[in-house]
Every structure is written in C-alpha cells, then in structure tokens.
C-alpha cells in the first residue's frame, strides 16, 4: 500500500521524520500516519504495544499509505522476526550492548545466508502486494531494515564492531539512556554537553560505515537539530504528546483558565 | 474520584470546556482528560464509541479525576440509562426534534417520579464512592444531567416547549446540523450569519428557562466566542484533531517538508 | 453442549438458580457457570454487556455445559432476536409495561406464525449441535423462552393481559424497580411489605396462567424465600458480588484488619 | 482507497458478488475482500458484528481496496447513519415491512433535503480521501446506497410503494425469510417454487422502478441463477462457509477419513 | 471436552490432520475445529497469535471437542509452559538447532523429575475436567506432547541426539525453512528433490527412535503424500487459505469474472 | 492514585495481603482491589495475563486506589522493566534458580548504577502523578520492588547469595513448586512437613538479610499461618477462587441442591 518504501525514503534527501506511537490503538497509529510523518514507529519497549497491537497497527499505518517501524522489547529477537512477518519495514532493537547482541539481532532479521530468519511472511507479502515467494525471499533482506540501538557506554565503545556486523543496516541512538549512562545514573538529560558530544561521535561512526543513522527527539526543535547534524531518520515526541500539545493549544485559544 | 462534580462545575463561573473523544480507546480518553479539559465527552453518534468502549473510557476518565459525558446515538434512550449506570455525569441526546423526543429522553434519564429510569447503578455508585442505595436514588436526578440537542428547524421552533420538559437539564446546540437545516441541505457552515443568529436565539431561550447551555466548537477561537456569548459548557474539536494539530506543530518545528 | 436444556430444567422440580453476570468477560461467565448454578444470565441492561460480549460469553457458558440467558436493554427487541441467534436459551426483556410491549417482544422471539423472528440461527444451531434447518425452525419457538419483566404499576395492572400474549413464556419480576414504583421514587427496598405482597400477587397470576415465574434475589436467603414461594427460576446476586463475598471470607480467615 | 466505488460497480455490467461476513474479525473481512469478491457485507442482524467490529472491518476492507456494505439489526436506523459515518458504501435494512419503515430508513441514510442524516462523516471522509465538507455533503446522498429488505408478505404487497420512497436506492430480497413467510412458518426453503416466483415478481418491480436489485444466495450455483435473472448484486454464502468448504476440500484431497 | 486425547489419536492409525490457524480469533479456531480436522494448531511464530489469543482459542477449540496445539515463537520456552497451563495438548517449538535447545524445550514442557515445568495448571485442569492435582501432576508429562522442529542443516545433523533427549515426544519437520537452508538462502521449495530426501531421512530417524513424526503441508495433495510416507500428524494449509479456497470455488461456481 | 505506596505498606506492621488475579480483565482486577486486599498481583506465569491486560489492569487497580504487582513469565526480564513502565509497584520473577538469574532480574528492575533499566516511564509517572523526570529517576529504585521466587532445591541452596544481590528487594517463596521439587516430582503439597520446614528456613534467611519476605497461600487459613510466621506479604487464592467461593456460599444459602 505504501507509495514509497522506507529504504527508498531513507536513501534520499532530506532527513525523514517518524511518528512515535505508544498507545496500542490502530486509530491512533493511523491518525499519526496521516498527520504528515514519513513513517510510524510502534514502541513495544517503553510504549504499551504488544504483538497483537503491533499487527493491527501495521495494517492501520498501511491503510494510510505509510511504512511502519517496530521497536521490540530488550532482547526479544523472536519478536523482530515476527514484526517483519507482520509487515514492518524496519525493526529497532534496544540495548545492543555487545557484538553478540548485534549478531543475534541480525540473525533474526535476515534470511539465510546472512541470518536465520525463518520462513512465513504471509501477512507481510499480503500487505506489500507480493505474490512470488522466491522473489520475496531474495528481496527481503534488502528491503527490511535492522536498527541497533546504541545507548550505553559499552555499546559506544563497540560502535564500529556493531556497525561491522552483516545484517545491521543502521544505528538508532538512544539519547536518554545514553545520558543516564554517562551520568552513572545521576540524571537524565539528552541535551547535556557530554551527551551531545557522544551522539556526534556515534553519528560520525555510522556515516563512516555508510549505514543509516537514526535517533529520537523529544521536541520538534531537537529533531531539527538532529536533522541538521545529518541523521537520516528522527522520531519525534509521542502520540500522547501530540494529543496533549494540540489540546493545550486549543484550550489556550479558547481562553481556558 | 472526580474532585468536583459536573453539576458544581457548571453551576459556577466561568464557561467550562469539554474534550470530544471519537476514538474508542481508554488511553485516548484518559489523555484527553489529563490535557486540561474540565470534562470529557465520548461520542457514540458520529464518533466510534460503542457501549463497551464507553464503559471502559468512563473508568479511564475517572482515573484522571474528571467527569465523563456521553453522546448517545439518535433515539437510543435505553443507552442514556446505561451510560448513567456506567458512571456518566451527563448524557447528550442528538436530534431532539419534538416534545415527545424530549419526554422519552427525560424518562430514561430520571428515576421516578420524574422519569422511569430503571434501578441498577452498581458501577456508577462504585465510581462515585457511593454506598447507600437510597441516598443515591434520591440524589441521582439532580447529579446527572440530560442535554437535549437542538439542531433542526423543528427543534428550534419547539425550544421553549422542550426546555419546559421536566428532567431536561439543558440544551446542547448542534451548530453543523443546524446550518445544514437552515440551508436546506445546501451547505454546512456553523459560522454562517443565519446560523449564528439562530444559535443566539436558542441560547437566549435556554437562559430564560434557567437551564444549562452547551454547544460544540470546531476550533479554540470558536469556543472562546461561545464562552463569551454565555454558554456554560463548550466541547472543542476532537481527539483526532488534537493529535493532528500537535503533530503538525512538531513537524513544522522540526522543519519537515 | 448443555446436558439439559433450560426448558427441561424449568419444567421439573425444584426451583432453579441462575448466576447473574455483569462483567463482559467470558472467563467470568464460564467461572460462574462452573460454580454450581443451573444457568447463567448475562445482563445488558444494568450490567456491562454488549452484543460482542454476549456472543463470546454464551460460548463460554456452553463450554461449561450450561444454558445462557440474556437480559436485553429496555425496548431493544432486535437484540432479543440476535441473542437467540447467538445461542441464548432465554431472553429477559425489562420494562414490559404494556400489552404492545409484550407483543413486540414476542414477535422478536418467535418464528412465524407466532411472531416475526427472522431466519439466521447459524451460531445457535452450531452450539446446539443442530444440523437440520427445518427441524430447528419448527422446534425453536418451544425451546427458547421469552421472559417479560413486570416491574411497574402499569405492568402489574396488566399482568394477566401480558401473560395472555402468545409467545410470552414467563414473567420475570423486577423487585427493585417495583419497590421504587410502589414508593413513587421515594425508596428502593425489595423486602418492603407492600412489595413482597405485590410480588406474591404477580406470582399467583403467572401460576394461574401456567407459565414460568422468575425473579431476582440480592442474597441467597432471599433466593431461598422466592424458591419457597414457588418461583421456577431465581437469579442471585452478581459476579462482582460473588467475588467480593469470596474475597472477604478469605481475608477474614486470614486475619486481615 | 477503493479503486472503484460501489455505485459505479453496480451501475455497470455484469452482476456483482459480495462476500458475506458474520465473524467480527478484521482479518476475516480483509481476507474475504482479497478472495475475489466485488465488495464485502458485514452482517449485524444474524451475523456476530457490533458497531465496534463494523468500524474495524470497514477499515480492513478498505485496506484491501474494496467497498464495504453493512446489514444493520432490525429497525436500528441510527446504526444506518453510523455505518455511513464509519465509511460504509451501502446499508441493508432488514424487515422493511411498511412504507413508514422505508421512510425511516431513508431519513437516516440521506442528508437534507431528502432525509435527516446528521452531520459528522469524519471517518468516512478520511477513508474516502475526501477533504471538502461541502462537496462531501452534496455528493454523499448519491454515493451511499440504501437497500431495503423485502422478505415478508406485507413487504411484497407494498414493494412498489417502498420503491417509490425517495432515498431508497434498491431492494435486497431475503429469500429465506420470504420462504418462511410464504409457508406460514412451516418450512424454510429459498428454492421452493412459490418463493422463486415471488422473488421474480419483486425483481420485476425493482427493474421497473429503475433501482438496484440485490439478494442473497446460499451457494455459488444459486448466485449464478440470480445473476442470470438480472440481479445487480448477489451476496454468497458466509465466511464460515468459505472456510469450511476450503478445509473440506483440502481434507478430502489429503485422504482424511 | 475432547472426546479423544491427542496422545491416543496419534498412537493409533491412520495419519491425523491438523488445521493451521494464523488469525487470532476464537471463531476462526472453532470453525477450523468443526471443519473435520483432528486437532487445531495455533501459530505464534509466523501466525498472528499472542498469549491472549492462544488462551481464547484453546477454549474455542475445546468447545468444538478437539485438542489444540500451539507453535511458540523461536526460543520462547516460557510460553511453552504457559500454553500447557492454558490447556494445549501439544507444543511445537521452532528452530531446535542444538541439543541445548532441545533440553531447554523439554525442561519447560515436563514436570520434575524430567523437567522443570512450574506448577499452576488451573485452566488446563478445568478444560480437561481434572480435579485431583496429584493425579494431574503425575499424568501430565505423558499427556502433553513436545514437538521439536527440525528445519536447518545443524538440526538435521543432530536429529538422533535431539530425539534422544528425554521429554522430547516427537519431531515436527519444517519443510520450507529446510529447503531454504539446503539452498543456502537461494530458494524456498519444499518439494525440491534434495528437500524431499532430507525429510525422508529425518522421518526414518524419528521412526527408529519410536517417537512421533509430524510436518506441515501446503496442500491436501502434499498432506496425502506425507501421510503415505508414514507421518503421524500433518498440518495442512492455513485458515486464510481455507477461506480463500472456499470463496474462490463459490465465485467460480457463480460465474464471477 | 494509591493513598499509600507498597513500600510504605510493607515497611510497617502488620502482614499485608495481596489479591491474586489470573483473569485478564480490568473489572476483575478492580473488583479484587476493592474487596479489601492491600494490593493486587497480576499473574503472567500461570495466570492468563499478557502485556496488554497487565497495562489495562494496573490502571484499574490504580482507579481503586491500590498498588499493583506483576508476576512475569519465567526468565522474561524485559517484561519486568515493562511492568514498571506500566506502573507496577513490584515485580515477582519466578524460578530464580541461580545468582545469574538474580542479577539479570535486578538489572532489569533498577536504573543505573545498580542496574540497566532503560528510561521511558511515561505511563508510570502519569499514574503516580510524577512530573519531574530526574526526581523519578532517583526515586524509582527505592520505590519499586524486585521479588525473586525461591521454589527449587538449587534456589534454596543459594538463598543467601541471591539475597545478597543488589537490587533484589525480597524473596517470594513458591510453596507448590518447592513441594514438587522436594518430592522429586512425586507430589504437590505445600503443607507437607518437609516443605513447611524449608519455607521456614528461607524465611529466616530473608529476615536475616533484612529484606522483604512474601509468599502465596491457597486459603485464608494458610495465609494466617504465614502471617504469624512473619511474612511481610501473603497473596491469597485467586480471582476464580473468590468467585467460586462466594457463589457457592450464596447457592448454599439459597438451598440449591
């Protein structure tokens, strides 16, 4: 249904923006897709999604003609394969803190010989309008993207090794967790100077490796900054945040006290 | 759970504002309640609510400490009673086009001797923290509000008679349908001069009758206008609209093209 | 699945007892069915059921080998037909306050020539293990029961006429609403002397007409009393009440303060 | 999303076929839409749909690029309006047994000045990709179809009068109920000679009135027959029947005993 | 509820056939169970099931009197235990590629001393009509079956060792993944000669070990072939496939173009 | 919403009692919370909860003003973090059989520097009325409790080492599994003498370590016994058990045979 695939969107200019959806409701995912974002990310880690809502919401996002991205729970690589079977265009895996984590993620995301993704893309083929299994098998590894999250000191130290893992298509920087890690748990502040510097270093490594760089911005202004730095994809805010911001603006306009 | 009841909110100054929720998802209703509105209206007529979602969403609004209002489908007065049993603080009935309609609505909303509401408020008492059935029976007619929608030429002509029906606590003007009616189906435009004039006439009648006046505004600016006219309660926009407005603002801030 | 049909259960001695289920959850309905009741009533009027939950819960009750009864919202006779199509063994219609109400209810409950129930019992036949449409058509009017609720002064005055309506199989007395009606809205008390007397008079009329007499008891002791009076079916308490009573007993046993 | 609207499909040759879906599951509706039917009918009368499932399933059918039709419960004309607001391309109303029934149905289906459909097509416009409210208002009466079911002796006698009601776009013949009515409740058999003759007479009346003729066929062979007679739209079988037929064929092929 | 247990079905002749259900809808699972299959498999790996739908669907399959089988996601052995607690008669674990995988699966499936399944079979006992905990504890290891999937080169090389693991009751061959593995990712074709040969070798090993042999067939004809080879259980097609096949046959019969 | 936090409840006298909820229905969780328990435990291991129901039920328990506890599936530590993000006051992890298990559990439960819990407590902060992220970050490790289950011989042998793991706040003894382990699979009986002795030894170790001791009681009488022994928190029975007990008592009172 999607007019343009996520891969082709990210391959070009300019920076693309993703909605960030925590509520497990297809109408919310669909409304987010229709609101002007390039794609919609469904969050299973800190958001309220589960496999059932992910499946329903990928369909709802497809109805709005946009690709869907899924962030899985920590270490649930079986879910990475399932998200692809459900029609996700990309998967974000949090807390990839070792090369072994990266390999496990890549194995779940890619068909042989790169990985060990198991065969069964009935729903994904249906949503993509694909009918030839062998063509799908041969194309899937290039069309569905694996984003490894870098958000700890250990991961930062291994960023080049993680980027070198075949099947990892890009890095998704986690600014909040990274800021906690750099502060040894003392604070959370994505905009702290040391954190901004670390994000820049990771971005440089990703660019050097020729892979996709993505991250998360709490506000539109932050997103503009990440885009200016050269990120390919930036997720912004959250569904609850969009709703609250829009409601607040209307209430202010109404003169509510 | 609600710190203040809807009746006490409306009895005072200033104009109160309601969220308008079409999506049948408790988290959306709860987020709308937390966004600064005085209450939350769940729309079963043109929105996507059904009895199950209304029940779940009233609980979610209560969790946020706000009263919930339910707009029922046209003529479904059994649902008016059920909404009260589910804990709604008020019910809006669309298309009250005759005195008979108003009587039927009032009968469903009020316990004897005013009406014929049937006994069974287990959930409503639970949410209200009420434990004495007889006290609830005697207080309910005064604590739960019946809003009759005036939105056709027939209804306008009968507004005083409808206001005179015992058990009708207020009028909810439907600006869009009224504008279609006045244009004989030719256009929909709540801000058209004849429509604005008609709304003013209805408002005057409600004030003269000493009952509550409520209406619906598409934008915050319209809501401010209705408040200035003297409406007691104005519903604004919709959940989908809040989300879209907030997302658009963030995307603009991000520099999305 | 049901070892014995509701009709055969009610035709014999002794008084039968129904669970009363307000929560729209199949596991609750199934647990109630397994707890020793003869059948399970799903309440759409004051309970939290809707068509979807009724359909799911009838299946859950069938899994436990018991017949299901559905109380519909006031005046929603289309739902009476649908409940039968979903496999209900009986339907209780609240607020049958006129002979016209009784006729409308009977029409929805019975196939021609008695009524105008429309054809489409796919689910009901499946749950009953029936495979011959003509046999089902000819047997259904006798196997599915229509209970008209008598719970107002008007209804009491018409009880013989309502009992005379072809297709009405029994009366379900509503003690709480009746007590409110007799007190003109001043109190609710099923055990008040005038109410007890009125219930007795209705029961006598039902017995004289040779139809089934059913009612609702808040406690087991009340149910024992109704059984002793000669009622054929008595619904007791509610799912929430069973849970609270069982929990309280365990907490007391535990020594909770 | 639909490549072709239902109106344009029915305006042309040949006879169109609708899936008939009783299960309230979007994936079933979507699978039925993808299986080759021209449109998908969601049945609320004898099927297991409710407002929530209708809303979800209309989206699922749209995702497969097909128009959705909704059969409402008997007399629930408020649901007719709501189905249109949810994006249905047509509504089938069962048991239209009087001219008053036909008028009530038409009023709910058409905007003024033909009817009294109330304004609020947010979801319908979204699914249709429509953005101009006035254009939608002016076009809707011509784009969404009202099918009145003729399935009793009374209705047959009034077929010309019902066809003459402005806002009724077509007739949907109910063969099973008609056969019961003609047999005075003694049997159900759509293929009985008197029933076939009656269906032919109704079809002739519809053709003479220049409106759409639709009906329901239990089997493909029956559907072929109705198409040959000149029906514009024929619904076939049911989702459960498709599944059973396909499973049986596979089991037979497998040699299951 | 099941007239015959899965163990007794598989112990005898002839080959048994399982439905394969991907849609997370109890009515679909129940309809599949009623369509003539010996049991119903609910697929969590490539199908759209999650724990909630598995629980609901096991009840629905029980209502139809059949045993349910669950295929869990890759490596989710905690779900294997939960599926048994929910009443599954067997669990299929995909991608058992090492002896350690087999041991982990067996540990989750069997109570001590064979494994480490944790105690809590309330729902399973309820569905089985079991009331004696100690009897259930002692019988469960023999009544619930663990099927390890062999579908990679590594697994093939270890088939005898995997079969030797105590608690593994049988092998479920995965023909599609095996064909991808043998082609090093170049194609998917279960009927390719090398794949057919490999399946035969695995089957021989299972027979030699005296355990159950199961597999998956895309078509009825393939299933007949596997049955002729000596497999004890063959799953066929999918719910979506049954529906599509049945619909296509009816549309062809109708003369749809 | 909770008047008192779980930590403050457990810090004081007397022993606290938790409801045990297996049914994935918010109304059941809410009813259990209102029935007099100090908190409500939602069971994902042997109960029928999944992430979606846990999220909904935590809200329902909060609506009743009580803290919620979640028991996760075996080894699903990602779910431990998610339960905290959903607003759980404590998490119980079954089958902590090694120090490595305890460390993995603690890492998921605690923010740095104690653990590696990832940042994203939007829902938890909302339910707690918290608005300052840094304050939440610094307070969370002390306000949300990690209970490790000791229920095997291996775990018993390691109880002091497990108690010494930073981030483990208490032990939850699993009496049934422990009794199976001690009997090498031969029986299940929490009240067996060797089991009672083992429970006493574990309790002594917990007390010596100054951490919280919790366990599960099948009956109120058992719970009283555990409280007398010195346990800080005892979960009692189950939702299905409360319902059955309450229903049985009412049926007995009614004279049901």
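Just a few scattered comments:
Each chain carries a letter (A, B, C, D, E and F) given by its place in the written order, and its residues are counted from 1.
Just so we're on the same page, a residue touches a chain if its C-beta (ideal position, glycine included) is under 8 Å from a C-beta of that chain, and two chains touch if they have at least 3 such contacts.
No experiment lies behind these values; they were computed from the predicted model shown.
Most remote from chain E, judged by the distance between CA-atom centroids, is B. Interface repeat of E-F: among A-E, D-E or A-B, over half of the contact pairs recur, by residue number, only in A-E. Contact tally for C-F versus B-F: the pair with more C-beta pairs in contact is C-F. Chain D has its Cα centroid 42 Å from the Cα centroid of chain A. Note on chain placement: the centre of chain B and the centre of chain D lie 33 Å apart, centres being C-alpha means. Residue positions of chain B touching 2 or more other chains: 24, 34, 48, 50, 52, 240. Applying the touch definition to all chain combinations yields A-B, A-D, A-E, A-F, B-C, B-D, B-F, C-D, C-E, C-F, D-E, E-F.
Partner chain F is touched in their complex by these residues of chain B: 1, 26, 30, 34, 56, 59-60, 62-63, 126.
Within the complex formed with chain D, the chain E residues making contact are 14, 17, 19, 23-25, 27-28, 31-32, 34-37, 48, 217, 219-221, 223-224, 227, 234, 236-237, 239-257.
Chain B contributes residues 50-52, 55, 77-79, 81-82, 85-86, 108, 111-114, 116, 118-123, 133-134, 137-138 to its touches with chain C in the complex. Chain D meets chain C in the complex at residues 22, 24, 45-48, 50, 52-53, 73-76, 94-95, 151-152, 174, 176-177, 180-181, 184-189, 238, 240.
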